[in-house]
Amino acid sequence: MQFTAAQIAMLINGQVEGNASATVDSFGKIEEAKSNQLAFLANPKYEEYLYSTKAAVIIVNETQELKEPVSAALIRVPDAYSAFATLLHKYQEIMRQQLSGIQEPSFIHKTAVLGENVFVAAFSYIGEKVQVGNNVKIYPGVFLGDNVKIGENSILLPGVKIYHDCVIGKNVTIHAGTVIGGDGFGFAPQPDGSYKKVPQIGNVVVEDFVEIGSNSCIDRATIGSTIIRSGAKLDNLLQIAHNVEVGNNTVIAAQAGISGSTKVGNNVQIGGQAGIVGHIQIADGTRINAQSGVSKSIKTPNSAVTGSPAFEYTSALRSQAVSRNLPDLEKRVLELEKLVQQLMQERVII
Amino acid sequence: MQFTAAQIAMLINGQVEGNASATVDSFGKIEEAKSNQLAFLANPKYEEYLYSTKAAVIIVNETQELKEPVSAALIRVPDAYSAFATLLHKYQEIMRQQLSGIQEPSFIHKTAVLGENVFVAAFSYIGEKVQVGNNVKIYPGVFLGDNVKIGENSILLPGVKIYHDCVIGKNVTIHAGTVIGGDGFGFAPQPDGSYKKVPQIGNVVVEDFVEIGSNSCIDRATIGSTIIRSGAKLDNLLQIAHNVEVGNNTVIAAQAGISGSTKVGNNVQIGGQAGIVGHIQIADGTRINAQSGVSKSIKTPNSAVTGSPAFEYTSALRSQAVSRNLPDLEKRVLELEKLVQQLMQERVII
Amino acid sequence: MQFTAAQIAMLINGQVEGNASATVDSFGKIEEAKSNQLAFLANPKYEEYLYSTKAAVIIVNETQELKEPVSAALIRVPDAYSAFATLLHKYQEIMRQQLSGIQEPSFIHKTAVLGENVFVAAFSYIGEKVQVGNNVKIYPGVFLGDNVKIGENSILLPGVKIYHDCVIGKNVTIHAGTVIGGDGFGFAPQPDGSYKKVPQIGNVVVEDFVEIGSNSCIDRATIGSTIIRSGAKLDNLLQIAHNVEVGNNTVIAAQAGISGSTKVGNNVQIGGQAGIVGHIQIADGTRINAQSGVSKSIKTPNSAVTGSPAFEYTSALRSQAVSRNLPDLEKRVLELEKLVQQLMQERVII
């Protein structure tokens, strides 16, 4: 899609300076933008690029002074960075609204109910009694098992698989390849050393405004629900086991894993590749460092931990610092042993 | 599907007490069940919910005494928990038997051979000379490469991809998005710093009664087979590299990884996010703690290890305990140094 | 496909000894090959199998002496191992050339441009203005978003998803389930504790001769490009975050993760399950051990690190060695304290 400088200025309430009919069709960094792109200048550090950039349109702060002539059309706004962010949101909204209708071939069970302005791409599969809310966008190769519910404005990127009976809220985005509702990992050991499957008959509930990255796994509960609370943001390649609860506005970075039945509080931050054992509680506002291994409940809100096993952040860092110099510490102990032995031999017993 | 209390009692050899025609269509925990659900009471801790639950039907121990009137229909059995588990298995069996036939559009090569009562969902792809056993259930978007064999009663959930020549046993379940038979990671370094691919011409053999979670990867062997032995249970997001062997009834938790050519024995337990280097052996019955990094063979059966690099469990825990107090230990050494220095200066040489 | 010993000898410039019309249709290890297979003998350790193998054709060194009669047809070449590798490459080339044409049903937007001898399998989705180079092979269930470019000779295995605007070079192989161009994980914290999505409008550029394993994730840049440089080899289940750059001929083992905006140099080796924080630089030739956690830039080329947090390899190993004996070290300190206390009490003040 192409936009003129004048159209963009209207979207973000800015003033055009220069060629109002200059057109752009994509976005670029000011230092590497091409002649069909729009850029912005917010950080004075990059001002030199204002005079050399190939961008056709640039959003600048209204206070921006020009030391040289500028070939691009300028759009002046009170705050260039936030105007640019606003523009991106509006642009993505416009792009998404264009996705609509049912592409063929797709498989939509006759008992499924689809809302208004829904997009169902080719090769998507919508099972029995599925409910899809208004404005939901379903990309190619998505699988929705029987009885799944998808709330309005949600977006399912290519190849997302949602097993039967799971419930997805409104304004949720789930990226490509993520699996919601696979069986929890439950097997009962038998006397002969084999394992018997424990049926996993619960579901997964993902509340509103959640975003989940690519190729993540959120397993269904054994009974009841695995729950991702409203506003949580989950990255790629996550493992969320059965019956876990993730609190509101909690953020989990890529490749982290949470074992079964653990309850993670609100506004928690979990670093990449961190692991949390099962059946524990993580207090609100906890910060868990990348690669940590959390092996017991964290009860004090807003604490920070690191290491595997994980401990309180500051003291763990202190231990790590000593740990690095262990060979030196051992040498000091050896030296002491020699001196003390010498002293023991030389001592005068009174 | 709906069942009456009478029908359920018949399936699990129980006695109905109350309304034998009460109907349910799903399962719930006794403390949160809805009026269309069946629950069970096995743990006396939850007895209070027997009198307040909305569940329409409850399975209880035959010895269960009632302190108050119960509105739900009761089904009395010798052991409520195991009767409930049995019921779930039968229910899932019934549900699965209903899946049958070929949905369109699907792609089935004319040389492929399908057994009796097979289900092939829409958008599934079955390549040349593929053999699919009786009662196999293939969900949407599954890919079976040329010459793949799937044993009877196996279930391939949505988006499972099995590369050419791989062999899957009987009664195997593979969850959504898992990739079986991708190329092993083999590249020969060249004098100019680049890498030349080593062709990966082996396959993967998954034996009977194996279950594999979602979005896991099991790579094909360079030559020969990567093998998952009978009864092994593998969780989500696992990496099993080329030429690995995983023994009978071995259990591997999510996000663990096993490097090339390593042989893991029988009845081994591997915790989440653990890693095992290549070309080593892990003895039968070994227990590897979550996040461990196993860097050499474990030869003693039934041993337990933890840490990265991993060591014997008890002594590793002891080291970790001291490690936590390292700053304190360093302080003690510093104190000793001062005292010894003082003693050295004060000593009386005889 | 079947080949005779004579045909194979011609492909690798060898001399047939025995039945030149013996046929094979696959490859096996000499110790376990079947009667329809070709094997090779390069390592003298395996010579005994030359006389007992069931393989119909065996590639051997031209200097190989026979101590017993051999039933298989032999093909003599100067170097059996490299002739075998050459044969595999030619075989895979032949197999791949056979893949051609458009299978139905597939979805190819009318504005997409496909080169010569392209294969598009059933259930693949090719969006608006996509450009697909000559000889590209697209397996079932692949998704190519709008404006994606795929360079010639590249191979996209089943279920690969490439989001809009991403660019894939020539001779690239991407294995099943991998997601290229999912949104970077960028969310701005709001005063009320919630997060606001930062639009991710960049793309991913994968240069020539790159191979990427199964179920990996490479996120698109916030602005600009996430870049995988020519010749890099990436394993399964990797996380490559937004705006990361991976250098030429860099090798990354399974389950490793690289956080946002980090620049990894050329010829770097990253072990399995290693993690690298965001916004740092890794010098050319760095070797990062498996499970390491790299928390700051590595500026010296060709250095090696291990541990979490990661340090210089040799000194980290030394610290780990002492760490293992910490309980012993603590005991020695305790013993010293007792002796020093005794000495302090017994000392003679002059």
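Here the chain labels run A, B and C in written order, and each chain numbers its own residues starting at 1.
In the analysis below, contacts are C-beta pairs under 8 Å (C-beta built on N, C-alpha and C of every residue); 3 or more make two chains touch, one makes a residue touch a chain.
Just so we're on the same page, UniProt names per chain: A, B, C = UDP-3-O-acylglucosamine N-acyltransferase.
Everything numeric here is computed off the predicted structure, so don't read it as measured data.
Participant: To the nearest 5 degrees, please report the angle of the rotation taking chain A's Cα atoms onto chain C.
Facilitator: Fitting chain A to chain C on C-alpha positions yields an angle of 120 degrees.
Participant: How would you label the chain B and chain C contact, same or different, if same means the shared numbers make up over half of all numbers there?
Facilitator: different
Participant: Rounded to the nearest whole Å, what is the centre-to-centre distance of chain B and chain C, using the mean of the C-alpha atoms as each centre?
Facilitator: That gives a centre separation of 25 Å.
Participant: Return the residues of chain A touching two or more other chains; collapse runs of consecutive numbers into ranges.
Facilitator: 105, 123, 141, 159, 177, 215, 237, 255, 273, 308, 323, 326, 329, 333, 336, 340, 343, 347-348 - these are the residues of chain A that touch more than one other chain.
Participant: Going by the contact rule set out above, which residues of chain B touch chain A in the complex?
Facilitator: Answer in residue numbers: 26-29, 32, 85, 88-89, 91-92, 103, 105, 121-123, 139-141, 157-159, 173, 175-177, 209, 211, 213-215, 231, 233, 235-237, 248-249, 251, 253-255, 266-267, 272-273, 290-291, 308, 320, 323-327, 329-330, 333, 336-337, 340, 343-344, 347-350.
Participant: Inside the complex, what are the residues of chain B that reach chain C?
Facilitator: 105, 107, 123, 125, 141, 143, 145, 159, 161, 163, 165, 177, 179, 182-183, 185, 187, 193-195, 197-199, 201, 215-217, 219, 223-224, 237, 239, 241, 255, 257, 259, 273, 275, 277, 293, 308-309, 311, 315-316, 318-319, 321-323, 326, 329, 332-333, 336, 339-340, 343, 346-348
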